[in-house]
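You will see two complexes here that share chain A, one where it goes with chain B and one where it goes with chain C.
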Partner chain A sequence: MSLLRPRVVFLVAFLVALSLAAAKAALATFVSANCNYNAPTWSPNMYRDGSVTVALVARYEGYHWGGGCWNDNNVDEGPNEPLQTSSTGGEGGDCSGLTFKVWRESLNTGDGGHYQWGRLRNVHGPYTAADFKAGAGVPNATYPKADAIVMDAFASSTHIGMVYQRSTSGADQIVEAKCEACGTNIFTRTYRSDSSYGGVRRMGWTG
Partner chain B sequence: MDGLTALRASTVAAAGLLLAAGCRDHAKPTRHVFVGQVRVGVVRAVRPPPLQACLRRFPELHVTGRTRVVERVGLLGASLTISDPGSPWLYACDFTPRHRRLCGASVGVWRAGRLNDPRLDIACRDRTGHPLGAAWVVPLRRARSIAVRERRVTEIYPVAGRLPVRIWTRDGVRYERSSADFDVTQRGPGGTIAHERLHAMVAG
Partner chain C sequence: MRAIRLICWCACGLALGAAAGVGAVAAAGSVAGPSPPDRDTARIIDVGHLPPLLRAAGDAAMLRFNVFCPGAVEGEPCDAAGDVFIRAGTAGAFGKIPLRRTDDVADGRYVAEVPPDLAASPEGFSYYAVLRNEATGASLTVPSAGAAAPQLSLPLADAVVVHLAEHRFGSTRHTDARVVQAPWGSAPGRAGLLHGPTFGPIGPSAFDVAANGDVAVLDQVNRRVERWHAGQHAGDIPVDVTGGIADMALEADGAIDVLEPGGESRTPELHSFAPSGALRWKAPIADRTWSQLRVGPQGPEVQQEPSEQWMPAPRLTPAAQASRGHPGRTLASGKELVVFRAGTSEARIAEVSGGRVKRAWRIVSATPLGEVQLAEPLDNGVVVVLRPYTETQDEFLVLVLGARGVERSFGVDSADWAETAPLARFRLAGSALYQLGSTPNAMHVDRFDLEVNR
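Right after this comes the complex of A and B.
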């Protein structure tokens, strides 16, 4: 009996520890399990083609309200999140978070430099779509929509998307983090002719 | 503010009575209590500079006779909250308290007494360059004021205009994470109704 007792105690303790570990794993979100807060890398140059590449990495990686962290496996690992809820820690950026990262902006709104953020760096940046629309922050400026080219953006007070391919038909190919159900992808949009949208340009492109 | 019909105003004060009330709710007493000014009105033809700046920021905002404005002037910042009952959009313009320079703005969806998100804005800074966070909190039905506790001061925001209350924090801003935490207490006629830590993120 006295030999059996320590074994029972050990078994119970082991089961408790196992269930706690399982509970912790179940509570982990995509952000808490995968993302980091590393510093960005400053770069002297920034090319529109390079930013297209950054945007395409985010494609198919989902949408997360207030988010800015994704991997590169073309799977949304935080699907079906409650609408406009940031606390669920899902994968993907939202519209302004995606734009901030693709445009390689600084957290310092007075800094127009180019900062490369890792895809798993969880950063949204200080701007909302309304801020971008107003050209808030040193790197950003309002711009005539008719002149918008690849990697310029169209922004309303509630949404922003970047030009992936300009079209002469009046509908552009826009890369954007649109919504929880639609994720981050390239969509055909008529923002250029929509009066609620204004043109925005990230200043300081090398080419 | 000529363009606003002042319906209600409170005074700016560091009142000992309120200080005592603040001490009762928290283990650590705060040193000061600051009561912000608030005015509620409709947009009129004559528009003061802050309102003009706000309307320029939101050209899609169609001002009608029913467009309501709540103007707040507080310790950390000033704000305008603008609502048109015919539209689900709620607009905020945030200003530096002294010079009333527009430093931030937000748009939210306000429908049937529910707000989609606190709509945090961290674009404003204080005189020392420290970032400030501004966000909306929805007052509970019986709430008369919202108290936001900072390390050295508790700021009181009177509820007004049946609209979300734009509150500010300096201590709660986590700029690197584009978020802010607000220590919020909702107060009613009989005292504290609810206390929460509001976590808000820049989003959308």
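Right after this comes the complex of A and C.
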């Protein structure tokens, strides 16, 4: 039987393509399948309440350590990822990645930013939570916790969350990418009074 | 001709094989296939509002709201409008005040000034707001039940004023007894720790104390409630919880109520377990966020946001919960205990009955105050646990308040190495105050007897 009979050629080609496509598809992640590296858009104005809305889009979209890419469909498309692993390419930001995007910062720490990053732009930014706590980067500064208002943040050496609204109890509603099991959401927290947290202000708001 | 035919067969095989491969893997669910469509952005509208539950003379009579919805350009403020519906006291018709847009976003860009006659009303005023996304017509009512359960703002005319000097950090009281001591781990008698020291450790997130002094610890990481008796581990009750930071309360019949966090697309839920751990019922809460759970005379109540109201939860739909929202926690006496942290360094506490303040305290501190961790009646007074803080220090301050002010007070180490639910670090049982604490080695529950002043 000749190996160059049409049916044999078809079958071999089919099986080779099937294997390669299946392998590639199986290795695809949320990031590789959905995210981009588009340039951000610069704008002169930056509003605290407008930035809250940017954060709200990330709500329910999951948490991904070292991540910064999400869509807006209320589904975490990369759930149950291993702790502190970025290579799994799941959906969502981590705490500092979310803050970087919501605060419209720059990849250049010497730049004041004002960059609107698309939600599917895969970017974490140069800052860790500890960097934010220290006020690292031109747009950021440490700030008295008692005076923190909407879209200021509280940061520790391992976490950062942004103020959404004060509560009557004196706690705060915080919008944050908390952890893989917690996701990204609005939670009531007591970071303001916790001495392991410091206040951080993103400077340069229009209003 | 034969070669062309073979190339065609080969190309067909490759194309069909590739399609089948991608399809098969997608069907098996192991690929990031096409995402579900984005949600309807018109409904992304939320509100930030701090209701002035307890007002002192001189407070500005303004209601401020931040409205969050997508602008025409991402990152632009919401193009919003709205009205506040307000009346004196708790009865009668509501009048309408259109919200005015301002440039001040710190406390709320949208403002309604309370008319002087309502601001001066001895019975306070009640109100609700309807906020609109002008671009889409989507609206949100806060509190969500509107006229059926409006917000209540009460004047503090005769409050006992307590002035606290600069807090002296480090002068803390030692515990009277350590009633729980559990090293981190999953074996019986240990307590689960999520993440560990390099990534924001989260330990048991809540606890409660039974009438007989037994302590129940929600070890959500290990999906169980630990029972402790006389300082000894007395057993575990498996409970089906998600493992996130949750609050917990024990009912008089031994039922265990667990207030679960909201997760991916999930509204937070209150789960009620029998003493055996079997699920009795569960119900989503009415608002998007919770801050605390307590058991009142009619069962569990949850303080919810953005309404900031306490709502009864057992077996009620979210709408039914919202229609019964009220500003304070319901006490066994039927009164409400209303808590309001004003400014940066004042806490206001009031016992309210029939929409009127019966007695109240204003605690004015020279040191910034964080959250009011606990406010509970004790004999003829109230126990309050506050959290004074600076940029680098924090402690808890326990005050026993009576008719003339502070009757007893002491500081307590914050002992907060591992995170808990926000307002779940203290419980009062009888005349003993219990504190949930932790170190890098273990978690513990300490008891402080309040009739002893040290």
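Note that the second predicted complex is superposed on the first by the 202 of 207 C-alpha atoms of A that agree within 3 Å, B and C clash if a C-alpha of one lies under 4 Å from a C-alpha of the other, contacts with A are read in each partner's own complex, and residues count from 1 in each chain.
Just so we're on the same page, a residue touches a chain if its C-beta (ideal position, glycine included) is under 8 Å from a C-beta of that chain, and two chains touch if they have at least 3 such contacts.
A quick note: this is a predicted structure, and the numbers were derived from the prediction, not measured.
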When the two structures are overlaid on chain A, which partner does A:Thr188 contact: first (chain B), second (chain C), both, or neither? second
Looking at A:Val57 after the superposition, I want to know if it touches chain B, chain C, both of them or none. Which is it: first, second, both, neither? second
When the two structures are overlaid on chain A, which partner does A:Val150 contact: first (chain B), second (chain C), both, or neither? second
Touching A:Thr29 in the superposition: chain B (first), chain C (second), both, neither? second
Based on the superposed arrangement, let me know which partner A:Gln84 touches: chain B (first), chain C (second), both, or neither? both
Looking at chain A, does chain B or chain C touch a larger number of its residues? C
Regarding the shared-chain residue A:Thr158, is it in contact with chain B (first), chain C (second), both, or neither? both
Dual-contact residues of chain A (chain B, chain C) 83-84, 156, 158-159, 195
Touching residues of chain A toward chain C in the complex: what are they? 4, 6-7, 9-26, 28-30, 32-34, 43, 45-54, 56-57, 60, 62, 71-79, 83-84, 89, 104, 116, 144-147, 149-150, 156, 158-159, 164-171, 173, 179, 181-183, 185-190, 192-195, 198-199, 207
Parts of chain B lying in touch with chain A, wherever the complex brings them together: 57-58, 60, 89, 91, 104-107, 116-117, 119, 121-123, 175-179, 199, 201-204
Residue ranges of chain A touching chain B (in the complex, touch as defined): 37, 65-66, 68, 83-84, 86-87, 94-97, 107, 109, 122-131, 134, 136, 156-159, 195-196
Which residues of chain C touch chain A once you look at their complex with the stated criterion? 5-6, 9-22, 24-26, 30-33, 35-39, 41, 44, 46, 48-51, 53, 66-71, 73-78, 103-107, 109, 194-195, 198-200, 202, 242-245, 261-265, 288-292, 303, 305-306, 308, 339-341, 344-345, 347, 368-372, 387-394, 414, 416, 422-423
